[in-house]
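Lettered A, B, C, D, E and F in written order, each chain numbered from 1.
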Amino acid sequence: MTKKLYELAIDETFEMFLLIKNADVRTAKNGKPFIAFTFQDKSGQMDGKYWSATPEEIERYQSGRIVFLAGKREIYNGNAQVKISGMRLARDGEPNEPGLFMEQAPLTKEEMVDEINQTLFEITSAPMNRVVRFILNKFSQEVFEYPAAKRHHHAFTGGLGFHTVSMLRIAKSLANQYEVLNKPLLYSGVILHDLGKTMELTGAVGTEYTLKGNLLGHIVMMEEEISKACIELQIDEDCEEIIALKHVVLAHHGKLEYGSPVRPHLLEAEILHQIDLMDASINMITQALQKTTPGEFSERIFGMDNRSFYKPTFTE
Amino acid sequence: MTKKLYELAIDETFEMFLLIKNADVRTAKNGKPFIAFTFQDKSGQMDGKYWSATPEEIERYQSGRIVFLAGKREIYNGNAQVKISGMRLARDGEPNEPGLFMEQAPLTKEEMVDEINQTLFEITSAPMNRVVRFILNKFSQEVFEYPAAKRHHHAFTGGLGFHTVSMLRIAKSLANQYEVLNKPLLYSGVILHDLGKTMELTGAVGTEYTLKGNLLGHIVMMEEEISKACIELQIDEDCEEIIALKHVVLAHHGKLEYGSPVRPHLLEAEILHQIDLMDASINMITQALQKTTPGEFSERIFGMDNRSFYKPTFTE
Amino acid sequence: MTKKLYELAIDETFEMFLLIKNADVRTAKNGKPFIAFTFQDKSGQMDGKYWSATPEEIERYQSGRIVFLAGKREIYNGNAQVKISGMRLARDGEPNEPGLFMEQAPLTKEEMVDEINQTLFEITSAPMNRVVRFILNKFSQEVFEYPAAKRHHHAFTGGLGFHTVSMLRIAKSLANQYEVLNKPLLYSGVILHDLGKTMELTGAVGTEYTLKGNLLGHIVMMEEEISKACIELQIDEDCEEIIALKHVVLAHHGKLEYGSPVRPHLLEAEILHQIDLMDASINMITQALQKTTPGEFSERIFGMDNRSFYKPTFTE
Amino acid sequence: MTKKLYELAIDETFEMFLLIKNADVRTAKNGKPFIAFTFQDKSGQMDGKYWSATPEEIERYQSGRIVFLAGKREIYNGNAQVKISGMRLARDGEPNEPGLFMEQAPLTKEEMVDEINQTLFEITSAPMNRVVRFILNKFSQEVFEYPAAKRHHHAFTGGLGFHTVSMLRIAKSLANQYEVLNKPLLYSGVILHDLGKTMELTGAVGTEYTLKGNLLGHIVMMEEEISKACIELQIDEDCEEIIALKHVVLAHHGKLEYGSPVRPHLLEAEILHQIDLMDASINMITQALQKTTPGEFSERIFGMDNRSFYKPTFTE
Amino acid sequence: MTKKLYELAIDETFEMFLLIKNADVRTAKNGKPFIAFTFQDKSGQMDGKYWSATPEEIERYQSGRIVFLAGKREIYNGNAQVKISGMRLARDGEPNEPGLFMEQAPLTKEEMVDEINQTLFEITSAPMNRVVRFILNKFSQEVFEYPAAKRHHHAFTGGLGFHTVSMLRIAKSLANQYEVLNKPLLYSGVILHDLGKTMELTGAVGTEYTLKGNLLGHIVMMEEEISKACIELQIDEDCEEIIALKHVVLAHHGKLEYGSPVRPHLLEAEILHQIDLMDASINMITQALQKTTPGEFSERIFGMDNRSFYKPTFTE
Amino acid sequence: MTKKLYELAIDETFEMFLLIKNADVRTAKNGKPFIAFTFQDKSGQMDGKYWSATPEEIERYQSGRIVFLAGKREIYNGNAQVKISGMRLARDGEPNEPGLFMEQAPLTKEEMVDEINQTLFEITSAPMNRVVRFILNKFSQEVFEYPAAKRHHHAFTGGLGFHTVSMLRIAKSLANQYEVLNKPLLYSGVILHDLGKTMELTGAVGTEYTLKGNLLGHIVMMEEEISKACIELQIDEDCEEIIALKHVVLAHHGKLEYGSPVRPHLLEAEILHQIDLMDASINMITQALQKTTPGEFSERIFGMDNRSFYKPTFTE
């Protein structure tokens, strides 16, 4: 059987291997424990409940394990869900590698590296170019593995790198249309703006916030990295290029109430913020619409002011 | 003498022909009337005060007239201003046509028409295509003459058409990057979204709000035009394509508090709103920075939450 | 047995015919399906849960059916509810017409028609009078059948018409007290302001939002109808009376954030908004207090900023 | 000459007696003092500036004095103003009583007393009736002299009484339409709600806030008066009628941010608030429109969210 | 066995006497009633559910009773909870007095009385001193029994008195550091500001809001008490000291939207508000951290903008 | 003559030496330039206008110069101002040192150094102690010279140091009252929280924002300094003590909308914020009341939500 989760018809029964993304043990109203699973394969994630779980089952079916699941795909309150009829752990010789089931960026790491490297040639400001290369090098591993967020948008392996590349594409198109935009500053800002996520989050699997992620935040941590890069590279931190670069990173959330300690006061800071919003919005809405039947409204999207979006029946 | 207003050095004296854009008569604290002028040539607008004006002078120097002005360019509170040493009306044989002094879109009307017409081929939805053509035809004159706003952004002759074309360029680049975007709907929305300005405002010279502009607003008036086009063209208003097209027009201000009666509930409505914001922001910030010396902050920009923007001294 | 739902004492058992207003199938924590019913008779609506429902029962007890129910009236968290001990469908010869169980306006359709028709004589402005008559005629059926809202206020058959008549009574009393109010404009506004609900909602039974209700909203749709009436009746849309009439409809939610695309800029627009608020408030609070014991606070009312209201023990 | 200020045509010259409502001494930009006058007669108030005032003139022309003024009525920025050509104090034998020039309620004190007294018969709750009579008696003088506010609405002699009577008329009409409203509570609330203004403000002439007006506010001071009346009349303050009466007074501003220490939690408290808003709105808009030419927008009204209102050219 | 609730290790089983603080009867999803208990001893409160309760058990285990409970301490969603394995009512001869199980202020009533009495000597303003003594006397019983709030902060027996004493300590330290602070006014304000809670709430056990608590609020009721004290003591209510004292009580919530009818307009009113906030914040955060393991975040605290607080692993 | 500016009676004439704090050249409505001066001596600052200034005078009377001024102290709109009758520059041998005229902290630098040094002994956490000493050392000069803000509070020479010492006093008193507070963290936070002002502002005379002050802000810059100190001192930046220290600095504005990139999530971060607010409030209100006559309201204070404060006539 080769169908994936989101290729199943509604009410279709199935048997397939799936990754346990989350396994929360809760107590049912009848006093017995049950497991609230989120299963995952490359087509997406789907929830399912396992009632009256024994202590052994709770022990056995933990987050990160692969299971062979028999069940039925259903709809509950407009959301897809799995009705579980039976499950067991995957055995030796069966698919057993979490990576086989996780969503991934639509570009390979090499393609992303390449596209970012091409961009470096257009960062013609020496201090910006050196700082960006230094930091990219320092986090070269994490950039293409981390998600761009715990939830919300680009929450998949490599999501951070893919979000960066998508934003670079918008940035380049804008910079070519509007000559007034300073390319080195805008491109450097795009590349660095979310790299602090690699310190804010714990990684691609079972993503949580780190202590410094909670208490300092990715914005300030990346600004600090620019400072450290300057010390290491003996670049004057007080030169206008570096102050501007720090500013576009600090201001990229656009408003104080969204966690930027300063509002954008450079054209490129404002536009970086808008590009970020645009790519994240398209990603969030697209994800929600993928789960929606044409002619219906999607579930509410937290990151889009809790709005739901309509999926039209016409396609052109 | 061929220099333009914004080509003058600070404290440089000059004699030149200028258009009177505004001429407000006010009473000075010493009880005498003075005229608060805004002069204009193709390089931009600059204010200047004319003290102790006689009734004849007030009669003579009205908005829309061309004058020959002797004066000095000065800086007052960081804003450029004209110190008037003498002025007279332009005579026969001298430059006397307001159009010669007004800012204009950087594209000719023909170029804009062409670019929009090219886009029509990509609006492959029959009802949308027919409605867009019908309305473009109805307002063919005004689109390329009206400004896009009374103040704020693209407030110049042809500004409405140029704003539309700039947005189409962003829209096309996005639609090619993100396949999920419905091109016919997004492009139709871009073309129609601000056409109601031609009924909201009085025109390119001495731009004011009309009564129905004040009481109904351009958003609702354009939605009505789609309705009328459907009646005329015998298109079913209740088909999903037309409802969607009306929606992207109604929702393009993005939030209820900005005057949209509905929030965006289609992907293309959200993105149309963001493209509109992006082009308007770049236009407003660029205009403000043009009047700013490198190393200084611009005046505050009302349409950008009253922020001022820094003009860096580095250029790459 | 002739008692109605809200005439039952608390903990009183009963057998009676009831309309199923809603029947949502949900899964209990023990994994079995149950039906969350809302039952209804002319005294009001009450919820009740049906545990461990079989597929046949889920099929049988759907929204719109009449059932003969044995149960007990209880209080749960301050809300009245039905404890179901048994139920079956109504049979031939038993009460079987949904209309027998639905709440209705306290006036007959004829009384409402009459009261509105009387008002038309006071709309002495020719263009307003003709437009109002045209639109009333077009929606003559729906006005006296539709509710005024999906939930919140006047959510019963004929609620829209009754809300209109109640507002007219306030409007007339005010117009007689304050001579400055323009009667034709105020009365026309009252009659038309919510008529768009007939296109926004699906009807009196199982009321939902239509697609155009969600994407365009009743405010804009009614404004469009004025436009279409003018075309049909060959009235100049740009005459001040029609612009004013459109404005009072568009502005009747009072604030942009409540979905009006313009704020009230005519005295009559402001007062129409306040009359609407007043009649809706009295209706919502009265409904909530009807379910409340004297000396207690009502449930929280969403449409009144989520406040609860106290029901005093004194009555005069 | 018998014309009043607002009966003058624009640019009409005049000689007439006027009351000096305000006389602020300011320094002109040329360093010399001038007096910014507000003149008043029964038709309304109008500003005018007196340039290069001598110390004797500043001493002579103070607030509260009557002057014989020669001048011209002008328009400045859409507001009516007086251009002063000469002025002197009124002499013995000339009109010299401020009361002759002050705006007044359109009802006489006797008419207002009568209308309120009639209402007392409908306050059939004994504790409410006694408290209302006691307080009315205590402030019998001030009620019909004080304005209802320093600025904003009903800011004229007797304005407080007239505002009360107008609200009573609305309240009665509503109470007859909606039986659920408790008449004694609603009418008592209307009569008492703003009586604290007599302690908050200094009086009808040169109205200012008192210290306790600033530090305690009229809402709390009136609530205290109910408490004192109960002590005096030996009524149990903790009976539900008195708690309810105190509540409607405390809650009549409708929202915490408008200065009510509690939000309305009784139907009558909510409706009292809405009636107050309605009468005040009509009064403020009507006042602004009186100064506006048909076909123009009024000045912005602070108490109406700073909106301006359009004065239509049609009248029916 | 002498361990208290919060001295138990996680998963430790126990048998102990506990007070039932709350006992809500709810219906489980399987249709059967269960009791949602909150148990309490001097170490704190903990929730526990009792499934499939019989009518007799519901009757027996009510709020205020003492039970002998066998169970296990568990963690559920980061909150401590009790798993009940058996329970019976306490018998004669066993601990049976609710007071033995309730949290209490860390000072005895005598210590608190003493500390407040010492402060009275520093209230050197005669009218303030007399009013404060009069009111303290009137509520002498309740001050040291009532909690300072129903939930949120100092929600324990004697909490009101302890909150007052804690604030007095901060106030004294500040008044000694900043000479500009008026000690009599600040100390009087601290002592009186929350005394209205004794009328707003029903008492220390099963704390609920009274009707006048809901409809008038503690702020206004205490202000009234000052008024009554003045009448009783024949002090002129209009003297500046009394107006100021009333003001600091009325303004102590700091903002209109927090329920103060006036904002602070005296230095001491502002500082009283800040001291109140400071003591309440420390109390709320400390309480939440007591239940939190080092290295974890606490539960969200409603009174602190719903923030959670981190409990560090370092202690110095 | 030895009186200082604020020791002069109203309308008292004087001759004295004063520092020019600001000298803005503006154009009067009559077209002539004038100078808007702010004069200063140790008693405070006062404005005064110099009309019809010649180019030589504009050149001569610049910010930072000392003048001998003849004038009169007046009141204008409730604010003290100087009426200038004559002025000349101070000559050799006359008081000529700006420092002689500038407001200063009420403690000497030595007293402040001493008090801070005493506190260091209570910072018993080794990493915090070392970081705090390192940074104090780095900015040892500026701390006791800079103001704590450009305007608002402690805007005088040494204001930053004095604000720090005042806050330390509050912090110590609180830490002794509430044992739960972590002294090392709280005291370290107090000392460091505003030190970034030394990079945000240009200095004590003619205080302006630096470019990095505008684009990065003092909060982030100080957090960076902690990072740099750790690198220099080879302290692990990821140890919990350092993360906590960075957090209290970042969070000290208390809310995102006040410019903190994270809200307080440590007890000490919340209390540091409240102490900062408290000392700043007392300073701002005290300054405003110093210029206010007893029995009057002060001018509005921007930093206190634009409230004005009443200065009572009683003093005890």
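Assume a contact is a pair of C-beta atoms (placed from the backbone, for glycine too) under 8 Å apart; a residue touches a chain by one contact, two chains touch by 3 or more.
Values in this document were obtained by computation on a predicted structure and should not be read as measured data.
Both chain C and chain D are touched by B, E. Of all chains, the one whose mean C-alpha position sits at the greatest distance from that of chain F is C.
Summarising the inter-chain layout, the chain whose CA centre lies farthest from the centre of chain D is A. In summary, the pair chain D and chain F forms a contact in which the copies contribute largely different residue numbers, shared numbers making up under half of all those used. Centroid to centroid, with C-alpha atoms defining each point, chain A and chain F lie 44 Å apart.
Rounded to whole angstrom units, the spacing between the C-alpha centres of chain C and chain F is 60. Contact with two or more other chains is made by residues 28-30, 211, 214-215, 240, 244, 265-266, 297, 310 of chain B. In summary, the structure contains touching chain pairs A-B, A-C, A-E, A-F, B-C, B-D, B-F, C-D, C-E, D-E, D-F, E-F. Remark: chain F residues 28-30, 34, 49, 51, 76, 297, 310 touch chain D in the complex.
Within the complex formed with chain B, the residues of chain A that make contact are 124-125, 166, 169-170, 173-174, 177-178, 180-184, 240-241, 244, 263-267, 270-271, 274, 277-278, 281-282, 285-286, 289, 297, 304-305, 307-310, 312-316.
Touching chain B in their complex are the following residues of chain C: 211-212, 214-217, 219-220, 223-224, 227-228, 231, 238, 240, 243-244, 246-247, 250, 256-262, 265-266.
Of all residues in chain A, only 27-31, 211, 214-215 touch chain E in the complex they form.
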